[in-house]
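Naming follows writing order (A, B, C and D), and every chain is counted from residue 1.
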Amino acid sequence: MGKTTTMKVEIRFGDCDPAGIVFFPRYHRWMDAASLHFFMSCGVPPWHLQEQSTGIIGTPLLEHHARFVRSATYGEHLTISTCIQEWRRKVFIQKHTVTRGEELICESAETRAFCVRDAQDRRRIHAIAIPEDIHRLCE
Amino acid sequence: MGKTTTMKVEIRFGDCDPAGIVFFPRYHRWMDAASLHFFMSCGVPPWHLQEQSTGIIGTPLLEHHARFVRSATYGEHLTISTCIQEWRRKVFIQKHTVTRGEELICESAETRAFCVRDAQDRRRIHAIAIPEDIHRLCE
Amino acid sequence: MGKTTTMKVEIRFGDCDPAGIVFFPRYHRWMDAASLHFFMSCGVPPWHLQEQSTGIIGTPLLEHHARFVRSATYGEHLTISTCIQEWRRKVFIQKHTVTRGEELICESAETRAFCVRDAQDRRRIHAIAIPEDIHRLCE
Amino acid sequence: MGKTTTMKVEIRFGDCDPAGIVFFPRYHRWMDAASLHFFMSCGVPPWHLQEQSTGIIGTPLLEHHARFVRSATYGEHLTISTCIQEWRRKVFIQKHTVTRGEELICESAETRAFCVRDAQDRRRIHAIAIPEDIHRLCE
(Lines give C-alpha, C1' and ligand atoms only; values in the text may rest on other atoms or scores of the structure.)
Protein backbone atom coordinates (compact mmCIF):
# COMPACT_ATOMS: atom_id res chain seq x y z
CA MET A 1 0.00 0.00 0.00
CA GLY A 2 2.92 2.35 0.55
CA LYS A 3 3.32 5.29 2.86
CA THR A 4 0.54 7.39 4.39
CA THR A 5 1.23 10.95 5.51
CA THR A 6 -0.99 13.31 7.47
CA MET A 7 -1.39 17.08 7.37
CA LYS A 8 -3.26 19.22 9.91
CA VAL A 9 -5.53 22.10 8.90
CA GLU A 10 -7.21 24.67 11.12
CA ILE A 11 -10.30 26.06 9.45
CA ARG A 12 -10.36 29.87 9.21
CA PHE A 13 -13.23 32.34 8.95
CA GLY A 14 -12.30 33.16 5.35
CA ASP A 15 -12.46 29.48 4.36
CA CYS A 16 -16.22 29.53 5.00
CA ASP A 17 -19.09 30.71 2.85
CA PRO A 18 -22.30 32.62 3.70
CA ALA A 19 -23.84 29.35 4.94
CA GLY A 20 -21.05 29.35 7.54
CA ILE A 21 -19.44 26.13 6.28
CA VAL A 22 -16.20 25.43 4.41
CA PHE A 23 -16.60 26.37 0.75
CA PHE A 24 -15.79 23.10 -1.04
CA PRO A 25 -13.05 24.33 -3.44
CA ARG A 26 -11.09 25.06 -0.27
CA TYR A 27 -10.94 21.30 0.49
CA HIS A 28 -9.31 20.83 -2.89
CA ARG A 29 -6.68 23.48 -2.08
CA TRP A 30 -5.92 21.61 1.12
CA MET A 31 -5.80 18.27 -0.71
CA ASP A 32 -3.45 19.77 -3.26
CA ALA A 33 -1.18 20.93 -0.43
CA ALA A 34 -1.49 17.45 1.12
CA SER A 35 -0.46 15.94 -2.22
CA LEU A 36 2.79 17.93 -2.32
CA HIS A 37 3.26 17.39 1.43
CA PHE A 38 3.10 13.65 0.77
CA PHE A 39 5.91 13.78 -1.79
CA MET A 40 8.09 16.08 0.30
CA SER A 41 7.56 13.86 3.37
CA CYS A 42 8.78 10.95 1.23
CA GLY A 43 11.95 12.88 0.39
CA VAL A 44 11.00 14.13 -3.10
CA PRO A 45 12.33 17.69 -3.67
CA PRO A 46 9.72 20.46 -4.22
CA TRP A 47 8.77 21.22 -7.82
CA HIS A 48 10.79 24.42 -8.16
CA LEU A 49 13.95 22.37 -7.49
CA GLN A 50 12.70 19.44 -9.59
CA GLU A 51 12.14 21.79 -12.51
CA GLN A 52 15.82 22.72 -12.52
CA SER A 53 17.09 19.13 -12.25
CA THR A 54 14.51 16.89 -13.97
CA GLY A 55 12.21 19.39 -15.67
CA ILE A 56 9.21 18.19 -13.62
CA ILE A 57 6.95 21.16 -12.84
CA GLY A 58 4.51 19.29 -10.62
CA THR A 59 1.75 16.70 -10.69
CA PRO A 60 -1.26 18.35 -12.33
CA LEU A 61 -4.62 16.79 -11.69
CA LEU A 62 -6.17 14.84 -14.55
CA GLU A 63 -9.30 13.62 -12.82
CA HIS A 64 -10.79 13.40 -9.35
CA HIS A 65 -13.80 12.02 -7.59
CA ALA A 66 -14.75 13.52 -4.24
CA ARG A 67 -17.46 12.88 -1.66
CA PHE A 68 -18.49 15.44 0.95
CA VAL A 69 -20.05 13.69 3.93
CA ARG A 70 -20.28 16.27 6.73
CA SER A 71 -19.86 20.04 6.82
CA ALA A 72 -17.23 21.78 8.94
CA THR A 73 -16.78 25.34 10.13
CA TYR A 74 -14.06 27.73 11.31
CA GLY A 75 -12.22 27.11 14.54
CA GLU A 76 -12.36 23.35 13.88
CA HIS A 77 -9.30 21.19 13.19
CA LEU A 78 -9.06 18.73 10.33
CA THR A 79 -6.58 15.97 9.53
CA ILE A 80 -5.86 15.01 5.93
CA SER A 81 -4.45 11.51 5.46
CA THR A 82 -2.83 10.93 2.09
CA CYS A 83 -1.54 7.82 0.33
CA ILE A 84 -1.05 6.53 -3.19
CA GLN A 85 -3.55 3.80 -4.00
CA GLU A 86 -2.22 2.79 -7.38
CA TRP A 87 0.74 3.45 -9.67
CA ARG A 88 0.21 3.08 -13.42
CA ARG A 89 2.75 3.79 -16.17
CA LYS A 90 2.03 7.52 -16.56
CA VAL A 91 -0.46 8.27 -13.78
CA PHE A 92 -1.04 7.52 -10.12
CA ILE A 93 -4.13 7.58 -7.90
CA GLN A 94 -3.67 9.59 -4.74
CA LYS A 95 -6.29 9.24 -2.00
CA HIS A 96 -7.06 11.96 0.58
CA THR A 97 -9.26 11.34 3.62
CA VAL A 98 -10.30 14.40 5.64
CA THR A 99 -11.41 13.78 9.21
CA ARG A 100 -12.44 15.86 12.25
CA GLY A 101 -11.54 13.67 15.19
CA GLU A 102 -13.20 10.34 14.37
CA GLU A 103 -15.68 11.78 11.87
CA LEU A 104 -15.20 11.56 8.12
CA ILE A 105 -15.71 15.00 6.55
CA CYS A 106 -14.81 14.28 2.94
CA GLU A 107 -12.55 12.18 0.74
CA SER A 108 -11.18 12.32 -2.76
CA ALA A 109 -9.34 10.06 -5.19
CA GLU A 110 -7.13 12.10 -7.51
CA THR A 111 -5.55 10.93 -10.75
CA ARG A 112 -2.34 12.85 -11.29
CA ALA A 113 0.68 12.71 -13.60
CA PHE A 114 4.24 14.02 -13.41
CA CYS A 115 4.48 16.74 -16.05
CA VAL A 116 7.23 18.63 -17.86
CA ARG A 117 7.13 21.64 -20.17
CA ASP A 118 7.02 21.03 -23.89
CA ALA A 119 10.44 21.63 -25.51
CA GLN A 120 8.84 23.48 -28.48
CA ASP A 121 6.17 25.48 -26.66
CA ARG A 122 7.06 26.31 -23.05
CA ARG A 123 3.44 27.15 -22.26
CA ARG A 124 2.33 23.58 -23.02
CA ILE A 125 2.93 20.74 -20.59
CA HIS A 126 2.77 16.96 -20.99
CA ALA A 127 2.91 13.87 -18.79
CA ILE A 128 5.98 11.65 -18.56
CA ALA A 129 6.38 8.06 -17.37
CA ILE A 130 6.50 7.91 -13.59
CA PRO A 131 10.15 8.40 -12.54
CA GLU A 132 11.49 5.19 -10.93
CA ASP A 133 13.36 7.04 -8.17
CA ILE A 134 10.28 9.00 -7.08
CA HIS A 135 8.17 5.83 -7.12
CA ARG A 136 10.71 4.10 -4.86
CA LEU A 137 10.82 6.99 -2.38
CA CYS A 138 7.04 6.78 -1.92
CA GLU A 139 6.82 3.10 -1.04
CA MET B 1 -33.00 17.36 -20.77
CA GLY B 2 -34.07 20.77 -19.47
CA LYS B 3 -32.38 24.13 -19.79
CA THR B 4 -28.71 24.81 -20.42
CA THR B 5 -27.14 28.10 -19.35
CA THR B 6 -23.70 29.51 -20.13
CA MET B 7 -21.36 31.71 -18.12
CA LYS B 8 -18.21 33.43 -19.42
CA VAL B 9 -14.97 33.58 -17.45
CA GLU B 10 -11.81 35.51 -18.24
CA ILE B 11 -8.80 33.87 -16.64
CA ARG B 12 -6.73 36.20 -14.47
CA PHE B 13 -3.07 36.14 -13.44
CA GLY B 14 -4.02 35.30 -9.85
CA ASP B 15 -6.04 32.27 -11.00
CA CYS B 16 -2.82 30.60 -12.14
CA ASP B 17 -0.17 28.69 -10.20
CA PRO B 18 3.63 28.64 -10.47
CA ALA B 19 3.34 26.31 -13.48
CA GLY B 20 1.50 29.20 -15.17
CA ILE B 21 -1.78 27.31 -15.55
CA VAL B 22 -5.15 27.62 -13.82
CA PHE B 23 -4.95 26.09 -10.33
CA PHE B 24 -7.68 23.43 -10.42
CA PRO B 25 -9.69 24.47 -7.31
CA ARG B 26 -10.36 27.68 -9.23
CA TYR B 27 -12.38 25.69 -11.81
CA HIS B 28 -14.57 24.48 -8.96
CA ARG B 29 -15.16 28.06 -7.80
CA TRP B 30 -16.26 28.93 -11.32
CA MET B 31 -18.46 25.85 -11.54
CA ASP B 32 -20.04 26.76 -8.21
CA ALA B 33 -20.78 30.23 -9.57
CA ALA B 34 -22.14 28.60 -12.74
CA SER B 35 -24.39 26.41 -10.60
CA LEU B 36 -26.01 29.42 -8.89
CA HIS B 37 -26.04 31.29 -12.21
CA PHE B 38 -28.05 28.39 -13.67
CA PHE B 39 -30.73 28.65 -10.99
CA MET B 40 -30.93 32.44 -11.15
CA SER B 41 -31.16 32.32 -14.95
CA CYS B 42 -34.10 29.93 -14.50
CA GLY B 43 -35.83 32.46 -12.24
CA VAL B 44 -34.96 30.94 -8.85
CA PRO B 45 -34.24 33.69 -6.26
CA PRO B 46 -30.69 33.82 -4.79
CA TRP B 47 -30.10 31.91 -1.55
CA HIS B 48 -30.11 34.93 0.76
CA LEU B 49 -33.69 35.63 -0.35
CA GLN B 50 -34.62 31.93 -0.35
CA GLU B 51 -33.38 31.63 3.22
CA GLN B 52 -35.93 34.22 4.36
CA SER B 53 -38.86 32.68 2.46
CA THR B 54 -38.24 28.91 2.27
CA GLY B 55 -35.27 28.42 4.61
CA ILE B 56 -33.10 27.10 1.76
CA ILE B 57 -29.51 28.24 2.29
CA GLY B 58 -28.13 26.85 -0.95
CA THR B 59 -27.25 23.64 -2.75
CA PRO B 60 -24.17 22.23 -1.02
CA LEU B 61 -22.12 19.73 -2.96
CA LEU B 62 -22.39 16.10 -1.86
CA GLU B 63 -20.17 14.53 -4.50
CA HIS B 64 -18.47 15.39 -7.75
CA HIS B 65 -16.43 13.78 -10.46
CA ALA B 66 -14.28 16.03 -12.64
CA ARG B 67 -11.93 15.49 -15.58
CA PHE B 68 -9.26 18.00 -16.58
CA VAL B 69 -8.40 17.57 -20.23
CA ARG B 70 -6.33 20.62 -21.24
CA SER B 71 -4.64 23.35 -19.27
CA ALA B 72 -5.49 27.05 -19.68
CA THR B 73 -3.73 30.26 -18.72
CA TYR B 74 -4.48 33.90 -17.96
CA GLY B 75 -5.78 36.20 -20.66
CA GLU B 76 -7.79 33.31 -22.13
CA HIS B 77 -11.60 33.18 -22.16
CA LEU B 78 -13.63 30.19 -21.03
CA THR B 79 -17.30 29.30 -21.40
CA ILE B 80 -19.04 27.17 -18.80
CA SER B 81 -22.19 25.37 -20.01
CA THR B 82 -24.40 24.09 -17.22
CA CYS B 83 -27.45 21.83 -17.18
CA ILE B 84 -29.16 19.38 -14.84
CA GLN B 85 -28.70 15.81 -16.02
CA GLU B 86 -30.93 14.10 -13.52
CA TRP B 87 -33.41 14.90 -10.75
CA ARG B 88 -33.81 12.41 -7.91
CA ARG B 89 -35.98 12.81 -4.81
CA LYS B 90 -33.45 14.65 -2.65
CA VAL B 91 -30.50 15.27 -4.98
CA PHE B 92 -29.82 16.39 -8.53
CA ILE B 93 -26.86 15.92 -10.87
CA GLN B 94 -25.60 19.17 -12.39
CA LYS B 95 -23.16 18.97 -15.29
CA HIS B 96 -20.62 21.69 -16.14
CA THR B 97 -18.61 21.70 -19.37
CA VAL B 98 -15.76 24.22 -19.62
CA THR B 99 -14.56 25.09 -23.10
CA ARG B 100 -12.06 27.49 -24.71
CA GLY B 101 -13.49 28.08 -28.16
CA GLU B 102 -14.06 24.56 -29.52
CA GLU B 103 -11.67 22.86 -27.10
CA LEU B 104 -12.83 20.99 -24.02
CA ILE B 105 -10.82 22.16 -20.99
CA CYS B 106 -12.57 20.27 -18.21
CA GLU B 107 -15.94 18.96 -17.09
CA SER B 108 -17.60 17.94 -13.87
CA ALA B 109 -20.75 16.17 -12.72
CA GLU B 110 -21.86 17.49 -9.35
CA THR B 111 -24.36 15.85 -6.99
CA ARG B 112 -26.07 18.57 -4.98
CA ALA B 113 -29.02 18.90 -2.61
CA PHE B 114 -31.22 21.79 -1.47
CA CYS B 115 -30.41 22.31 2.21
CA VAL B 116 -31.96 24.09 5.19
CA ARG B 117 -30.65 24.77 8.67
CA ASP B 118 -31.53 22.36 11.43
CA ALA B 119 -34.30 23.75 13.69
CA GLN B 120 -32.50 22.53 16.85
CA ASP B 121 -28.92 23.35 15.95
CA ARG B 122 -28.58 26.28 13.52
CA ARG B 123 -25.02 25.30 12.69
CA ARG B 124 -26.14 21.96 11.24
CA ILE B 125 -27.77 21.70 7.82
CA HIS B 126 -29.72 18.93 6.14
CA ALA B 127 -31.12 18.13 2.72
CA ILE B 128 -34.81 18.46 1.88
CA ALA B 129 -36.89 16.93 -0.92
CA ILE B 130 -36.40 18.90 -4.14
CA PRO B 131 -38.97 21.74 -4.14
CA GLU B 132 -41.52 21.21 -6.93
CA ASP B 133 -41.60 24.88 -7.94
CA ILE B 134 -37.83 25.08 -8.34
CA HIS B 135 -37.80 21.84 -10.34
CA ARG B 136 -40.45 23.26 -12.69
CA LEU B 137 -38.55 26.52 -13.23
CA CYS B 138 -35.48 24.59 -14.38
CA GLU B 139 -37.12 22.52 -17.09
CA MET C 1 1.28 47.82 24.36
CA GLY C 2 -0.82 44.78 25.17
CA LYS C 3 -0.47 41.18 24.06
CA THR C 4 1.32 39.92 20.95
CA THR C 5 0.40 36.56 19.45
CA THR C 6 2.12 34.60 16.69
CA MET C 7 0.76 32.31 14.01
CA LYS C 8 2.80 30.01 11.75
CA VAL C 9 2.09 29.59 8.05
CA GLU C 10 3.64 27.13 5.60
CA ILE C 11 3.46 28.48 2.06
CA ARG C 12 1.82 26.12 -0.40
CA PHE C 13 2.16 25.74 -4.16
CA GLY C 14 -1.38 27.06 -4.69
CA ASP C 15 -0.58 30.23 -2.70
CA CYS C 16 1.85 31.29 -5.44
CA ASP C 17 1.28 32.97 -8.77
CA PRO C 18 2.86 32.41 -12.21
CA ALA C 19 5.89 34.44 -11.06
CA GLY C 20 6.38 31.71 -8.46
CA ILE C 21 5.86 34.03 -5.47
CA VAL C 22 3.03 34.38 -2.97
CA PHE C 23 0.11 36.21 -4.58
CA PHE C 24 -0.38 39.21 -2.27
CA PRO C 25 -4.11 38.82 -1.45
CA ARG C 26 -3.04 35.56 0.19
CA TYR C 27 -1.07 37.54 2.80
CA HIS C 28 -4.29 39.35 3.66
CA ARG C 29 -6.11 36.03 4.15
CA TRP C 30 -3.36 34.96 6.54
CA MET C 31 -3.47 38.30 8.34
CA ASP C 32 -7.25 37.97 8.68
CA ALA C 33 -6.75 34.53 10.20
CA ALA C 34 -4.04 36.02 12.46
CA SER C 35 -6.51 38.71 13.53
CA LEU C 36 -9.08 36.16 14.72
CA HIS C 37 -6.28 33.98 16.14
CA PHE C 38 -5.23 36.99 18.24
CA PHE C 39 -8.68 37.38 19.78
CA MET C 40 -9.16 33.67 20.38
CA SER C 41 -5.69 33.45 21.98
CA CYS C 42 -6.80 36.27 24.30
CA GLY C 43 -9.86 34.26 25.31
CA VAL C 44 -12.48 35.97 23.14
CA PRO C 45 -15.01 33.40 21.79
CA PRO C 46 -15.15 32.91 17.99
CA TRP C 47 -17.67 35.02 16.08
CA HIS C 48 -20.25 32.29 15.52
CA LEU C 49 -20.58 32.01 19.32
CA GLN C 50 -20.36 35.80 19.81
CA GLU C 51 -23.19 36.25 17.33
CA GLN C 52 -25.51 34.19 19.53
CA SER C 53 -24.56 35.95 22.78
CA THR C 54 -23.62 39.55 21.91
CA GLY C 55 -24.68 39.86 18.27
CA ILE C 56 -21.09 40.55 17.16
CA ILE C 57 -20.48 38.95 13.76
CA GLY C 58 -16.80 39.79 13.54
CA THR C 59 -14.35 42.64 13.05
CA PRO C 60 -14.66 43.75 9.42
CA LEU C 61 -11.78 45.71 7.98
CA LEU C 62 -12.36 49.44 7.47
CA GLU C 63 -8.92 50.41 6.21
CA HIS C 64 -5.44 48.96 5.93
CA HIS C 65 -1.99 49.98 4.87
CA ALA C 66 0.45 47.24 3.89
CA ARG C 67 4.07 47.12 2.74
CA PHE C 68 5.57 44.17 0.88
CA VAL C 69 9.32 44.09 1.39
CA ARG C 70 10.52 40.70 0.16
CA SER C 71 8.89 37.95 -1.86
CA ALA C 72 8.42 34.40 -0.56
CA THR C 73 7.67 31.09 -2.22
CA TYR C 74 6.18 27.70 -1.44
CA GLY C 75 7.90 25.34 0.98
CA GLU C 76 8.97 28.33 3.08
CA HIS C 77 7.68 29.00 6.60
CA LEU C 78 6.37 32.36 7.77
CA THR C 79 5.56 33.73 11.21
CA ILE C 80 2.84 36.36 11.65
CA SER C 81 3.14 38.46 14.82
CA THR C 82 -0.03 40.32 15.75
CA CYS C 83 -0.80 43.00 18.32
CA ILE C 84 -3.21 45.89 18.80
CA GLN C 85 -1.43 49.22 18.46
CA GLU C 86 -4.29 51.47 19.42
CA TRP C 87 -7.82 51.31 20.79
CA ARG C 88 -10.23 54.12 19.90
CA ARG C 89 -13.90 54.35 20.81
CA LYS C 90 -15.30 52.40 17.85
CA VAL C 91 -12.19 51.12 16.05
CA PHE C 92 -8.84 49.56 16.81
CA ILE C 93 -5.57 49.35 14.87
CA GLN C 94 -4.20 45.84 14.59
CA LYS C 95 -0.64 45.37 13.37
CA HIS C 96 0.66 42.25 11.60
CA THR C 97 4.34 41.61 10.93
CA VAL C 98 5.19 38.70 8.64
CA THR C 99 8.72 37.30 8.88
CA ARG C 100 10.74 34.42 7.40
CA GLY C 101 13.34 33.70 10.05
CA GLU C 102 14.90 37.10 10.70
CA GLU C 103 13.74 38.67 7.44
CA LEU C 104 10.76 40.99 7.21
CA ILE C 105 8.49 39.85 4.36
CA CYS C 106 5.58 42.25 4.78
CA GLU C 107 3.57 44.16 7.36
CA SER C 108 0.15 45.72 7.61
CA ALA C 109 -1.75 48.04 9.92
CA GLU C 110 -5.46 47.24 9.86
CA THR C 111 -8.28 49.45 11.14
CA ARG C 112 -11.13 47.22 12.25
CA ALA C 113 -14.41 47.58 14.16
CA PHE C 114 -16.65 45.18 16.06
CA CYS C 115 -19.86 44.92 14.03
CA VAL C 116 -23.42 43.69 14.55
CA ARG C 117 -26.29 43.16 12.14
CA ASP C 118 -28.80 45.96 11.70
CA ALA C 119 -32.06 45.22 13.57
CA GLN C 120 -34.18 46.46 10.63
CA ASP C 121 -32.20 45.04 7.72
CA ARG C 122 -30.26 41.87 8.59
CA ARG C 123 -28.09 42.23 5.50
CA ARG C 124 -26.66 45.53 6.75
CA ILE C 125 -24.04 45.69 9.46
CA HIS C 126 -22.76 48.54 11.61
CA ALA C 127 -19.95 49.19 14.10
CA ILE C 128 -20.51 49.31 17.85
CA ALA C 129 -18.43 50.82 20.63
CA ILE C 130 -15.58 48.49 21.57
CA PRO C 131 -16.89 46.07 24.22
CA GLU C 132 -15.11 46.67 27.55
CA ASP C 133 -14.74 42.99 28.37
CA ILE C 134 -13.09 42.19 25.02
CA HIS C 135 -10.76 45.17 25.41
CA ARG C 136 -9.70 43.93 28.85
CA LEU C 137 -9.03 40.39 27.62
CA CYS C 138 -6.61 41.74 25.00
CA GLU C 139 -4.38 43.73 27.32
CA MET D 1 -3.89 62.28 -15.58
CA GLY D 2 -3.70 59.54 -18.21
CA LYS D 3 -6.15 56.82 -19.13
CA THR D 4 -8.84 55.32 -16.91
CA THR D 5 -10.17 51.83 -17.59
CA THR D 6 -13.11 50.01 -16.04
CA MET D 7 -13.71 46.35 -15.25
CA LYS D 8 -17.01 44.77 -14.22
CA VAL D 9 -17.29 42.15 -11.49
CA GLU D 10 -20.33 40.10 -10.49
CA ILE D 11 -20.06 39.02 -6.87
CA ARG D 12 -20.42 35.28 -6.34
CA PHE D 13 -21.55 33.23 -3.34
CA GLY D 14 -18.03 31.91 -2.82
CA ASP D 15 -16.63 35.46 -2.67
CA CYS D 16 -18.54 36.03 0.58
CA ASP D 17 -17.71 35.06 4.15
CA PRO D 18 -19.91 33.75 6.99
CA ALA D 19 -21.11 37.34 7.63
CA GLY D 20 -22.55 37.18 4.10
CA ILE D 21 -20.34 39.98 2.74
CA VAL D 22 -17.38 40.01 0.37
CA PHE D 23 -14.27 38.76 2.17
CA PHE D 24 -11.85 41.67 1.75
CA PRO D 25 -8.86 39.82 0.22
CA ARG D 26 -11.20 39.14 -2.67
CA TYR D 27 -11.31 42.88 -3.47
CA HIS D 28 -7.52 42.76 -3.78
CA ARG D 29 -7.74 39.86 -6.25
CA TRP D 30 -10.17 41.92 -8.31
CA MET D 31 -7.96 45.00 -8.08
CA ASP D 32 -4.98 42.92 -9.19
CA ALA D 33 -6.99 41.74 -12.18
CA ALA D 34 -8.01 45.37 -12.82
CA SER D 35 -4.35 46.36 -12.71
CA LEU D 36 -3.41 43.93 -15.49
CA HIS D 37 -6.63 44.77 -17.33
CA PHE D 38 -5.52 48.41 -17.32
CA PHE D 39 -2.20 47.61 -18.99
CA MET D 40 -3.71 45.24 -21.53
CA SER D 41 -6.41 47.81 -22.38
CA CYS D 42 -3.56 50.28 -23.01
CA GLY D 43 -1.96 47.84 -25.46
CA VAL D 44 0.73 46.39 -23.18
CA PRO D 45 1.20 42.62 -23.85
CA PRO D 46 0.40 40.22 -20.96
CA TRP D 47 3.29 39.23 -18.68
CA HIS D 48 3.82 35.76 -20.10
CA LEU D 49 4.61 37.40 -23.48
CA GLN D 50 6.56 40.25 -21.85
CA GLU D 51 8.70 37.72 -20.03
CA GLN D 52 9.87 36.27 -23.33
CA SER D 53 10.61 39.64 -24.96
CA THR D 54 11.64 42.05 -22.17
CA GLY D 55 12.04 39.76 -19.15
CA ILE D 56 9.26 41.57 -17.27
CA ILE D 57 7.31 39.06 -15.17
CA GLY D 58 4.70 41.50 -13.92
CA THR D 59 4.16 44.44 -11.60
CA PRO D 60 4.38 43.08 -8.04
CA LEU D 61 2.83 45.17 -5.32
CA LEU D 62 5.24 47.04 -3.02
CA GLU D 63 2.71 48.86 -0.89
CA HIS D 64 -0.98 49.64 -0.79
CA HIS D 65 -3.46 51.63 1.21
CA ALA D 66 -7.12 50.63 1.01
CA ARG D 67 -10.36 51.92 2.51
CA PHE D 68 -13.50 49.82 2.76
CA VAL D 69 -16.55 52.06 2.95
CA ARG D 70 -19.58 49.86 2.40
CA SER D 71 -20.08 46.09 2.34
CA ALA D 72 -21.39 44.21 -0.69
CA THR D 73 -22.87 40.76 -1.18
CA TYR D 74 -23.35 38.12 -3.89
CA GLY D 75 -25.60 38.80 -6.84
CA GLU D 76 -24.49 42.44 -6.84
CA HIS D 77 -22.46 44.05 -9.63
CA LEU D 78 -19.37 46.14 -9.06
CA THR D 79 -17.37 48.42 -11.34
CA ILE D 80 -13.64 48.90 -10.79
CA SER D 81 -12.19 52.11 -12.27
CA THR D 82 -8.41 52.09 -12.60
CA CYS D 83 -5.88 54.78 -13.46
CA ILE D 84 -2.26 55.63 -12.75
CA GLN D 85 -1.96 58.60 -10.41
CA GLU D 86 1.77 59.04 -10.51
CA TRP D 87 4.83 57.75 -12.34
CA ARG D 88 8.18 57.78 -10.52
CA ARG D 89 11.48 56.42 -11.80
CA LYS D 90 11.06 52.83 -10.60
CA VAL D 91 7.49 52.74 -9.24
CA PHE D 92 4.02 53.94 -10.12
CA ILE D 93 0.88 54.56 -8.06
CA GLN D 94 -2.19 52.82 -9.44
CA LYS D 95 -5.59 53.83 -8.06
CA HIS D 96 -8.65 51.55 -8.02
CA THR D 97 -12.14 52.77 -7.16
CA VAL D 98 -14.82 50.11 -6.64
CA THR D 99 -18.42 51.24 -6.97
CA ARG D 100 -21.90 49.67 -6.93
CA GLY D 101 -23.97 52.00 -9.06
CA GLU D 102 -23.31 55.41 -7.54
CA GLU D 103 -22.07 54.10 -4.19
CA LEU D 104 -18.40 53.88 -3.29
CA ILE D 105 -17.65 50.41 -1.89
CA CYS D 106 -13.88 50.63 -1.48
CA GLU D 107 -10.75 52.14 -2.98
CA SER D 108 -7.06 51.44 -2.96
CA ALA D 109 -3.83 53.15 -3.99
CA GLU D 110 -1.22 50.58 -4.99
CA THR D 111 2.51 51.19 -5.38
CA ARG D 112 3.85 48.76 -7.97
CA ALA D 113 7.06 48.22 -9.92
CA PHE D 114 7.94 46.43 -13.16
CA CYS D 115 10.08 43.46 -12.15
CA VAL D 116 12.43 41.00 -13.85
CA ARG D 117 14.08 37.82 -12.61
CA ASP D 118 17.58 38.05 -11.23
CA ALA D 119 20.17 36.78 -13.73
CA GLN D 120 22.09 34.90 -11.01
CA ASP D 121 19.19 33.51 -8.98
CA ARG D 122 16.04 32.93 -11.03
CA ARG D 123 13.92 32.73 -7.88
CA ARG D 124 14.76 36.33 -6.94
CA ILE D 125 13.15 39.30 -8.66
CA HIS D 126 14.02 42.98 -8.74
CA ALA D 127 12.49 46.22 -9.96
CA ILE D 128 13.66 47.99 -13.14
CA ALA D 129 13.24 51.58 -14.29
CA ILE D 130 9.80 52.08 -15.79
CA PRO D 131 10.03 51.18 -19.49
CA GLU D 132 9.47 54.27 -21.64
CA ASP D 133 7.32 52.50 -24.21
CA ILE D 134 4.94 51.13 -21.57
CA HIS D 135 4.71 54.54 -19.92
CA ARG D 136 3.75 56.13 -23.26
CA LEU D 137 1.07 53.51 -23.98
CA CYS D 138 -0.64 54.32 -20.67
CA GLU D 139 -1.00 58.07 -21.16
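Simple rule for what comes next: a contact is a pair of C-beta atoms (placed from the backbone, for glycine too) under 8 Å apart; a residue touches a chain by one contact, two chains touch by 3 or more.
As the structure is a computational prediction, the values presented were derived from the model and not from experiment.
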Chain pair, A-B or B-D, that carries the greater number of C-beta contacts: A-B
Magnitude of the superposing rotation for chain A and chain D (Cα, nearest 5°): 180
Interface composition of copies chain B and chain C: same or different, split at half: same
Centre distance in Å when chain B and chain C are each reduced to the mean of their C-alpha atoms: 31
Separation of chain A from chain B, taking each centre as the mean of its C-alpha atoms, in whole Å: 23
Distance between chain centroids, defined by C-alpha means - chain B, chain D (Å): 28
Multi-partner residues of chain C (at least 2 other chains): 13-14, 17-20, 23, 25, 29, 32, 47-48, 58, 73-74, 123
Category of the chain touch graph - line, ring, star, complete, other: complete
Chain A residues touching chain C - in the complex, by the definition given at the top: 12-14, 20, 29, 32-33, 36, 40, 46-48, 58, 73-75
For the chain A and chain B complex, residues of the former touching the latter: 17-21, 23-26, 28-29, 32, 47-48, 57-58, 60-68, 71, 73, 115, 123-125
List of chain C residues in touch with chain B within their complex: 13-14, 16-20, 23, 25, 48, 73-74, 123
